[in-house]
Structures are given as structure tokens and as C-alpha cells.
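Going in written order, the chains are labelled A, B, C, D and E, and every chain counts its residues from 1.
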């Protein structure tokens, strides 16, 4: 990884500077992570009283378990929906706000609120809204002739967590998109207008491509968000159900460890997740390094 | 502006207003719910505030709902504050220093240090929650502010953002400082930190909200009510076990829990947004 | 003063009651202080305690629901059997004071009582008197056929939802089978060893009943409202006329329902049997965890003794709807005239002691049963959602459940 | 190839900022008209009104006889070259040039032909597949030009198209632009704040100041007979020396040197003359090769004067030097800064 | 005020990129030495080695007689002005100037005095409390200068300090720099790629090319007798015309016009002469006011020639014009591009 061309020279200072983070990382990240790896090849009872080495058995079980694979696809679909709907809505709003520059701040101030709401609380809020018995949203759906029941219908449950997770993230995406749009030189839009491109064409051929770094950045952020940070949403609303309809991977990791007390399997799942995420990180670095250097 | 047509403007505003309405509606409803009695909330859905505002807020602020695992909200808010601020300042502090080290020094094991830090980049505590919990327990940090916050500091997001920003600072500035007789720490204090102001603000907002909104972790490491945080309290109240949740009180708590992060985000809006752009680019 | 940590899963008014009991104990002596902590629902509470144990930070006492029994029993070295602790402590204590139906569930084949029954319940049928009356249902349904007949009447009267239930595995599977004297699994429902297998899918009458219920969603007769107690609002809001779930919802329903309600015994499926056997208990018991100072256990024992006092138990029983766990408490309630002034409140205890328990009706004790319940929940939800037939759902649940049993056997062998 | 008529045009920005009070300008077909003036005088504003990027508050603009006030930029049939080029960073050079044609639905082979033609004219054939960031400043500038010419518009609009280039390249490129425009014979409106650029490029030079036109004319005409003190100081480098008439008695006739009048004299019109009326203390001497600029101070200690001389012998800093000027090289301005015609 | 000695200096960048093979240069105390050369020739590298910002691969640099190779920048007692000024954006003008003094532990009142003095010299008194972003380009440049002079160093180092200014300001500021340096009499090493700037500023002009020195001398000397084709083409604007000797038979004596030799002739040395040996087709005429540049093409169709003429009568584009040059104004270069001394 690159450093500056202009650097300082010092024998111990860089180590001292980096030490706090390294120490915290080792204690609270690497150590637990290696524990997870270790546990992933063990079978233990719930209390950790009996331990047995089982090699890759936990992994084999997982890959042979249709439920795990289902959970995997559920997660993919869920992340894709959260990321895409969150970004799409935010983008539309940002485009509108960008066009009315002077009032953009007012809209931004209002749209920023949901970002401050914890995922768990967002889950609670939407759960309340969609509660089949007392929720106003469920009531509204009923009026529209749709019998909403996320306790029963996997699609409804998925929709519920997607809405709750997206709702909060739209704010965040909106901020970035608006900032990104406002950073596009006005002269480019003008040049395109002179070149005969209407607003829609301008958006597709000029603004969106120029926004692509922001889009890429937000895809990463949103996918990570959907993968991990929405744990609270799921936990507060569907608890992974009905059936396994909303049993996303992080939730499953947690549930298999804390409800299922199946630590080996949970640890194996952690390891798989880590591998996925480290791969994602590496890709992100690649991309960013290239972008910085051109 | 090109295509300066009034109809287009009206359409835009209409879309924006619809958007804002949809997005603010749940919060409005939460507020409405927090001003009614539990019974009113449970039967039919009021859309306008009721008259129980004072009673409900007095109850959550005063006694709380101890049976639902929610001590008086004042204490929980305070704990959330401590946790959020420790995470925020702790993470900013260690990240600033380590980003400074990786960007402005070349030293043996730099690459190793770099990767040691950056593998954590996108791995939230959720994926290794149990072993982390065990480590914290072994260190005797359960039921403590340190246990609540320090493990969550172990992530490289802030370091990453600072690194990105530092990479964009013109080299000449460093050289000018060297010519002006500033050593590394002086440069760090006098130039780098002040220049990172908007990034600091953006991170402050992001991390404060991150810390404030933590849920699973506090749930795990605290068993002593005096360390409960407010988000966790809300979820517990909603998950009332074998009872019908007290939605009015839950929503009152939710509104109170919302205020600090909203205040932070709106108060720092300008810097935050500027910081976002710089951080990201 | 020595602190005794008690982790429990009693939210809402139940939680208030637990605190009351702890305070009562704390005031009754000045050597020990019991600190009750609500740690979420049963599952969360139990797993939090286990995680804490692994981390060496376990509480003294943890409330574990009946399905966790096998897991706790298997954790030799982690739990301290109550019988030994009580007998070793410096108090007077009589194991026979506890109701046999309750005690047997938590006792080893050798007669060793492992945990202290604290809040034992059994599913009953809650009904909305006002609704039934206005629909002209004079007799509370006692069989499933009567249930569906009542549903027709209700619907004729313009009321869609006749019934719903919560804790579906417990109510509709475990208790249904016990009620009709059929096994949930082999080896005396697991009492006789870990090498057990589920058999619930083999019950034809269960299968057809579940299918019938699932089909009855069509006209709204049955409405599914979620796991555990999530469907309570369906009942207290008046949406569903009958609700099968734990007797322990008594206090909650009493507080929230704006109509006259009552409790009755679970309906019988005449396809299987003409009369009911007996229901099995649920709720939870208090388990003692190892790893504290010996002196602390004296305090735990004293607390357990206090909890078992007839006055304390009777009060708890009357306030919550949990069954009294000691004969003395039951008798005290009778003396106090509680059942006369609150008709139906003895339904639970009557159900439990309807007949001498058989191998099929003394309870269930399966390893990994917490997960098995999840599996059953998932499969039943697939059934309600119309993704599977009852036969498919039960079969899948049985297969997945057996896998979990084998896992348990492997890690606790 | 169309003429451009700007009639009674007024521009008020939101917030009631009147930037152009009332402006009249007529550009003949095929003419290269350069707008020059200090920063903020409204040059870009005017250009952008012609382009359709900025609404016209009042008045009328006609291109080729057609009123364009209400037309979108694309409908005005103009091309524009921006100061920062405004190249689409994500498109290749080819696509940058082709974009406008594609939007107009030009056929593919035709696009190919036109872009290649323009690329050849501009020497960009080898760069067609590159992205703008892979080009040098001068090459980017040429792409911007290419984008403007492929469309063969009725008029070119340039907003300081050279100001991002370094000095050497600027000189070179302005020759190219001039050459190109003369060959294509397209009407052009060109904005710059560099007077030298303006001088060398313009058929018609328009000097603007604070939203108003100070002078319109052929470059040498403006240079030779600046209509105002402002123009005198703005056009020419080093700039014309402006000397209060009473400061140097011997320079001009007595009757003119009255009532706050000022005399303008170009640096190259000052001729070393030991008996000359202009005496100065030399501060800095800049040797430019063929000529040298002598920067000095009049005896009053406040008026700076520059003399531009050729030849090898120049005074040294600190020396006192004397200069004379021919009568015909003196420009007289009244107290309001208007030229006193002679 | 110290001299700077650069002896046998070599610079290899990591990755084995040899940028400066072996360089020798001596700058006298109080002298303003300008390094000029095309981009990438190693000017900044050399300057940065003197400043201590870049390690010296080989050789020795001495400032005021003291070997500085191993010293930190701050210990070398130099000040530096950067191309983009490198002002601390978050500090006021005052703090920008005071920062170096504070780091050296200068007493408060002394800092006050020195900064105010520098601010006065540079006309920055009114801006001391502003932040850099609130200043114009020229003002920023002056702050950068101020930061350099407050410390009263042994030497100033400038790396293209004017290249971010617009043309007019650049001309003005270079006079100020020259003036300042002459007053302070501080040794200065000044890097630029603008030959005009180099010419006007330098006491000693150093023309670099590809890490080597092509010529060192007083500016007029370099202008009058360029040591190589490279220098000839680089110094002077418009640049010297370089004509293959065989292309214009009448221009130089037959014996010189052999074996790949080239003739250099400055544009201002070409004099309009209907009988002159240099015939060209006029492409563009740039009227600059006092002079006009005539850009044309020799009959061979490939050699471009510029003539710089004074006077009102100039040919029009398309005309054929003829020019002559005095023998003394012709510069001869051999096939290797070295001056053939005459």
C-alpha cells in the first residue's frame, strides 16, 4: 500500500502511533477471529464442557445443508433489495433536490432524520406500523385489499425488513448522492445541454457515469449494511421467520450460536462470512487505489 | 439553469414533498403514539397527538419500565452517551494516529501493520460476536463502559477514511512544514488535525450514531441494569415477553432516544456533508 | 450482604411480580440480596446465561423453560442439582411438598430433583364470552368439531376469526399429543435416554387436524399471529374469539381485555380419542449454576425455600395464572376461595391432574429442543403459509428434529 | 454562418443584481468578435445568454435573424468551448466529439466521417480512443475545439478557452484558433480577460467594463485610439503609462494639461532622450531579449512609469533616466477618463 | 547571505531512475540564479535536494561553506516558495508567516515585529487576519513570499512561484520579486520553465535539459549566443526560427550550409525585404500593438517561420512575403546541435 512520497523519518514514533490500534485490533479482533476459526473445527456442547475436534465437518454440514444455502440466497436477495431500493429512492430524491439547489438544504434536513434511528428501533417502528392487528400500514394495505401478515407470509416479512432497513439507509445514501451530484461541474451539464441532450439523456449519459465512484462506494456500504448492521432490524421484527424467510446470514450466525448453542456451526459460519467480507474489502481497495492513482 | 420550466419545478417539489412525508411519517407516528394511552394506541391508530404527552414522558423519564428490563430512561440515555462518545473519541483518536503512521512514515512491518488493521475494515462485531464476548469476559470487562465501547473501536473504517483523506493532502504542505521546522508530531498537531476538521466532523456524526445505535453488543455484555443503553431498552420493551407491549411508552422512549443523534446530525449538518464528500473522494 | 443474581424472562406485569417476590425475600432476612434481572424471552435468557457461564460470569440462578431441561440436565458440572443443594443447606426442606405433576418433569429417573419449579403453566383455551354469547354459542367448545361449529356460528354473526393460538409447538403438538395420549418421540418422550427419535409425524389425527386448521384460514376461521405470545393482541383486541395458550397469560389478559373472558380446557379431537388424557406443563424452573462461593448457595437455598412458601406461591399463582407448585399453595388458594370468585382459574391445574400421567403425558425431554421448537415453528409456518401440506410439514420437522437429536447425542455423549 | 444581434439586452440575477444594464452589439456573419474586460464585468454572462444557458431578463438576441430568447441551447445551433473545457471525463475523445451528433440523430457513418475530419484538422487522430485525463492540457483544449466544430454550428462561443494553458501553449493555440476560424468562416464570440489574446485574435474587439461596452472596433484601432482611460490602461502590455498632465510639464501643450486631465503614453513611445521631459528613477530593468522594460518612478515619488526600449544600452537600477515622446503618441483624457479627441 | 555550491551531484530515484547524472553549479552570495528548462528536466529535483526535501544520491551541496547533505531542511537555513504556495489553509496570514518562527522558538514580540515588517514590504498589512482562501491568487503568492522572507534565511528557493498566476499578474509579480531580492540581497535559486520569466529575473541563468546543464551565463549572453540548438529554441519568444541550412540557399555562406547544419535566426532579426532570401507564405498575422508577428511557411511546405515586425504595414494571410537577415544575426549549429562558434 502506498505511502506519501514525502515521509518523515523516525525510529520508534511510527510504532508508537500505530500501537493503540494494533493492540486493540489484536485483542478484540484477531484473537476472537482466531478463536472463531479454532471453534469452527470443534464440536462442543452448549456449556463448553466437552470439546471434540471434528475437522471440516462443520463446514461440510453447512454446505450440505439446504437451509444454509437458502439462508445464503435469502441474504443475497435481501441485500440486493436493500441496496438497490435504498440507492434508487435516494438517487431519485437527490436528483430532484439537486435541481432545486436553493431549497435542497431544507429537504436534506428533513430527510436526514431516519439515519439517526437505530436499526433495531427502525425495526420496532415499522413493526408497529405493520402490526397486522394495530398497525396503520397493515390497515392501509387491508383497505387496498391486501391481507398483510408478516407472521405468516414470508414475502410480507421480507418486505417488512427490507422496508425498515431501507428506510433508514435512504437518508444516508441521499446525503452522498446529493453531495456527489453537486460536485459535478455545472459546465458539464451545460455542455451536454448544448450538445442536445435533454434532462433524462443528460442524467444517463453524463451525471450517472460521473457519479459512479459514489455509486460504487455506496454499493459497498449498503451491502455491508444490509449484511451486518440490519441484524437489529431482523431481531426486532421477524426473528428470521416465518419459516426461514428472513433468516439472513448474520442473524443465522447469531441464532445458531445463541439460540441453537451450536457453536461449531456458528463459528464455521463466521469464518465463511469473514472470508467473504475480506474478499470484498480487497476488491474495494483495488478499486480505490486504482481510482486514486488513475 | 437550463430547462427552467415552472411545471418541472412543481413536479420536483411534489416528488420531494411526497418523499419527505413518507420518510418522516414513521417518526411522526411514533410521536403521536407517545402522546396517547396504551389502550388508545392498541385500539385503532390515532394520527394526531393525544393528551398523554406529559404523563408518558414523565413515566419513562421517572420510573421507566423496570419489569421490562428498562430502568428510568435518564440513566439509559446517559449510558448511551458515554458509550457513543467513548466509541467516537476513541476511534477517532486511534485512527488519526495510525492513519498518520501508515501514510506519513515508511517503516519495517508497515505493510503487515497495514493489513492487520485493514482486515477489520468491513467486519462488524456481529460476525465474531461470541468469541469477542468471551474475550471481553476473560478481561473482566463485562458490565463496564470499557467493555461496552472498546471492542467496537476495533475497526478500521475511520482509519481508512483518514488515510484516504491524508493521501489527498498536497505533499507541498508537508514540505513547507518541514522547511518551517515542524517535526512529525508538530506537523500532525498543527497541520494535519486542523485540516481534517470536516472529516472529523463527518466521522463524529457517523460514529456517534453508530455508537448510539448499538444494540446487540450492549445486550450481551451488560447484565447490570445500570449499564443498559437506551436502544437496547427500547427493544426490550417492545419484546415484552409474554405481554402486550406498551407502545405509548416505547414510542416515548424511542422519541427521546432519537433526539440526541438527530441533534448531532442536524447541528453538524454543514460540516458533515462537506466532510462526506472529502472523505469519499 | 451477599448478592444472588437471578436472571429471568418475566416481562411486563410478571416481571413486577418477580421483583415483588425478590423484595419480599430480601426483607425477610438480611444476609442475602436477590437481584433479579430480566434478560429477554426464555430463549434469550437461557442462552445469555450459558454464554455467561462460558465466560465465567454466570448468575447464581437462571430461569429456564421446560424445553431447555435436557440441555441443562446434560450440563453436568455446570448446574447444581436442587435436591442436593437444598438438602445440603442449613434449612428444612421437603421435596414431596411439590405437586407430583410438576415435580416429575424436573426429576431424574433416580428421583433426584434438578431444578426448582417456579412458574409452571399449561395451555388452556381462552375465550371471549361476549363474542361467543352474541354469536349464540352457549356451550364453550370442548372438541375440535365443536370449535369449527362455533366458528360457523361466529361467521354467520359476521365475525371472521374463531380461534388462534401461540407457542404452537407446545400447544398444538406437544400438548395435543399428550392430551390424546400419543408420543412426541420414542423412549418415553426422551425421559429414558438421549437416543430417542421423534414420532409426532406419525400421528394421523394430528396431521389431519393441522391440515384442517390450515385450510380453515380460507374463510378466516383460524388466523396465525406469530410465535410465542405474539398473537395475544388478536385475542385481547377481540379479533379472535378463542385463543389457546398458556394459563400464564391470565394477568396480561385481565389487564388488557375489555370484554368478559374465561378459560376452558383444550378441545379434544374425537377422531383420536373420546376423552382427554392430561396436559403437560410448561413454564419454567429455576436452575442453579455452579461456580460461586459455597456460602452463596446457602442464600440460593433460602430463596428457593421462600419462593416455595404457600403464601408466596398462592399469591404468585393467583396473580399470574401459573399453577401453584406446592400442594400447600393449592390448598391455600382453595381455602381463600379464589377459584369460586374467579371461575376457571383452576382449569390449568385440573388439566394437569386430569388423569395419572402416562409415558406419553408426563412431559417431553429432548436434547436441543430449543432448536427443535424453532424447526417445528418454521415448518408449521410453512404449513400456514400454504407452502406445505400438514403431512409434509410434520415430516420435514421430524427429519430435521431427528438430526438435531443426533447432534445433541454426539456432543453430549 | 449567421450574424448575431444583441439588442437592448439586460441581465438581472436573482437577488436583484443587475449585471448588464443595457447592451447593444452586432456581430457580422463570419466575424470573430472578442469580448475583453476585467474579471466580473459580465463577459461570461453575456456569452451565456447568447448560448441559452442563462435567461435573458430584457431585450432580444437574434442569431441568423431568428429570435432565440425562448429557445433551449440545443435549438440555437451554437457550439461552446468552456474555460475548463467541460470534457466528459468518462468518454473517449471520439465519444466526446460524437456526443452532440448522436444526440441529434446523425447517422453513424456520417458521425465517423465528421469526427475523423475534425480530428485530422486538429491533429487528434492518434488520441481518439483516449480518455480526457490521458491527454495534456493542450490536447484537451483541442478536443474541446473539436467538439465545437464537428457540429458545424451557426456560431462558436468561447469562454476563456485558453486560460488553463501555460504561456507558451497559449500563444501557440491562439494562432491555431485564429487559423481555424478563418478557414471555417464561422461567426464566433470569444471571451477573454487577456488583452493580448484579444488583440491578436479579434476581427472586432469589444472592451467591456462593469456590464457596459467601453469601445468597439478593430484591434489596432482600439490600440491606437483608446476611447477611454479604462481602455487605454487595459489594452497593451506593458500597459500605457498614465500620467497626470500637471506632473510632467514639458510633455504636453499647456492648455491641455489642465483640470485633472491625464496623459497616456505607451511604453514603446518613450524614447531615451537626455533632454526629454520625462525624468525617472530606474527601479528594475527587465531584459526580454530584443527589448528591455525599464520600470521607474517619476520625481513625484508616486507615479510609476515603464519605458520599453530596444538596443543593448540600458540604464541600471538606481540611475536617473530621461525620455521624450512624440506629440502624436500622446493620448489625452479628461477628468471623466474620456478621450479628448485630437 | 551565503553562497551555494553544488558539486558532482547525482540523483537516482527509487526504481533506479537516474534523473540527474552529474551536476556542478556554483551560486554566488546574493545572486539570483534561475534554473530554466522543459518540464521533467530535473529542476525541481535539484532545488529539492538543496532544500533537503530529497536525499542526495551522490556528490555534495554546501550552503555558506557548510556541507548540508545530512541536514534536515530546517537546519539548512533556507526558505522555500512552492508552486502552489503550500499555504496552511487553516491558519491566518499572520500565522502562516509566523509558523516557522514559532517553531524556532523566536520570542513573541520579535515574531510580531518581523511579520509586520514583511507584511508591510509586501503590502499585506490589511490581510493579516484573513485565511488563505479569502485571498486572491496574487495575494496568496505574496503570503508565500512573506513566509519565506520573515525568517531572513541564508537562501531563498523558489519552485515556479508564479505559474499559478494569470499573465498580467505574473508580469507584475516578477518585478516585485526581482525588486525584493535586490533589496534583501539574499542568495536565491529560482526554478521556472518560462523563459521570459527566467530572462527578466536572473543574475545568472542556467538552462537545463534532461538532468544536464546546457548553458550558464548572464541572460543577455545566453540570449545573444545560445550554446546549443536546444537553448536557442528555448530562450526567446517567439522562439528563434530554426532553418535547415540547405533550405534557404541565399541566407548563409555556402560552406556553412553543409552536412546537416542548421541556421537559427530570431524573429525580430528578419527584416521585410522584397529581395530577401527568405520567402514565406503568410498563414496568420498577429497584431500585438507595437509589433506584429507574421507566421508563415517556407516554400518547402514543412518549415514554419515567424517574423516579428514593427510598423503598420503588414502582409495579409495568404500573401507571399520575403525577408532578409543580417549576417551577424545568424546563429549556426552543427549536426549535433552545438553552436559553431563564429
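In this section, contacts are C-beta pairs under 8 Å (C-beta built on N, C-alpha and C of every residue); 3 or more make two chains touch, one makes a residue touch a chain.
Nothing here was measured: the structure is a model prediction, and the numbers come from that model.
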Worksheet item: Steps needed, at minimum, to get from subunit C to subunit D via touching chains?
Response: 2
Fill in: Mutual neighbours - chains that touch subunit B and subunit C alike
A
Worksheet item: Hey, how far is the Cα centre of subunit A from the one of subunit C, in Å?
Response: 38
Worksheet, complete the sentence: For the pair subunit A and subunit B, the C-alpha centroid-to-centroid distance in angstrom is 15
Worksheet item: Quick one: subunit B and subunit E, Cα centre-to-centre, how many Å?
Response: 54
Item to complete: Provide the C-alpha centroid distance between subunit C and subunit E, rounded to the nearest whole angstrom.
Response: 92
Worksheet item: Counting only residues that touch at least 2 other chains, which ones in subunit C make the list?
Response: 48, 51, 54, 233, 237
Worksheet item: Which subunit D residues reach two or more other chains?
Response: 52-53, 72-73
Worksheet item: Which residues does subunit A have that touch at least 2 chains other than itself?
Response: 6, 134, 190, 193, 258
Fill in: Interface residues, subunit D side, partner subunit E - complex
163, 166-168, 170-171, 174-175, 178-179, 182, 193-194, 196, 199-200, 219-220, 223, 235-238, 266, 268, 283-284, 286-290, 293, 295, 308, 312, 317
Worksheet item: Within the complex, which stretch of subunit C touches subunit B?
Response: 5, 7, 9-16, 18-19, 37-41, 48, 51-52, 54-57, 59, 228-229, 232-233, 236-237, 246, 248-249, 252, 256, 258
Worksheet item: Within the complex, which stretch of subunit B touches subunit C?
Response: 39, 42-43, 66-69, 130, 133-134, 136-138, 142, 219-220, 223-225, 236, 239-244
Fill in: Residues of subunit A that touch subunit D when the two form their complex
185, 187-188, 190-197, 201, 205-206, 209-210, 212, 294
Practice prompt. Spell out the residues on subunit A that touch subunit B in their complex, using ranges where they run on.
Written response: 1-10, 13-15, 17-18, 20-22, 24-33, 35-36, 39, 89, 92-93, 96-97, 99-100, 103, 105, 107-122, 124-129, 134-136, 139, 167, 170-171, 175-176, 178-180, 183, 189-190, 193, 198-199, 213-214, 217, 220, 224, 228-229, 231-232, 235-236, 250, 253-254, 257-258, 263, 266-267, 270, 273-274, 277-278, 280-281, 284-285, 288, 292
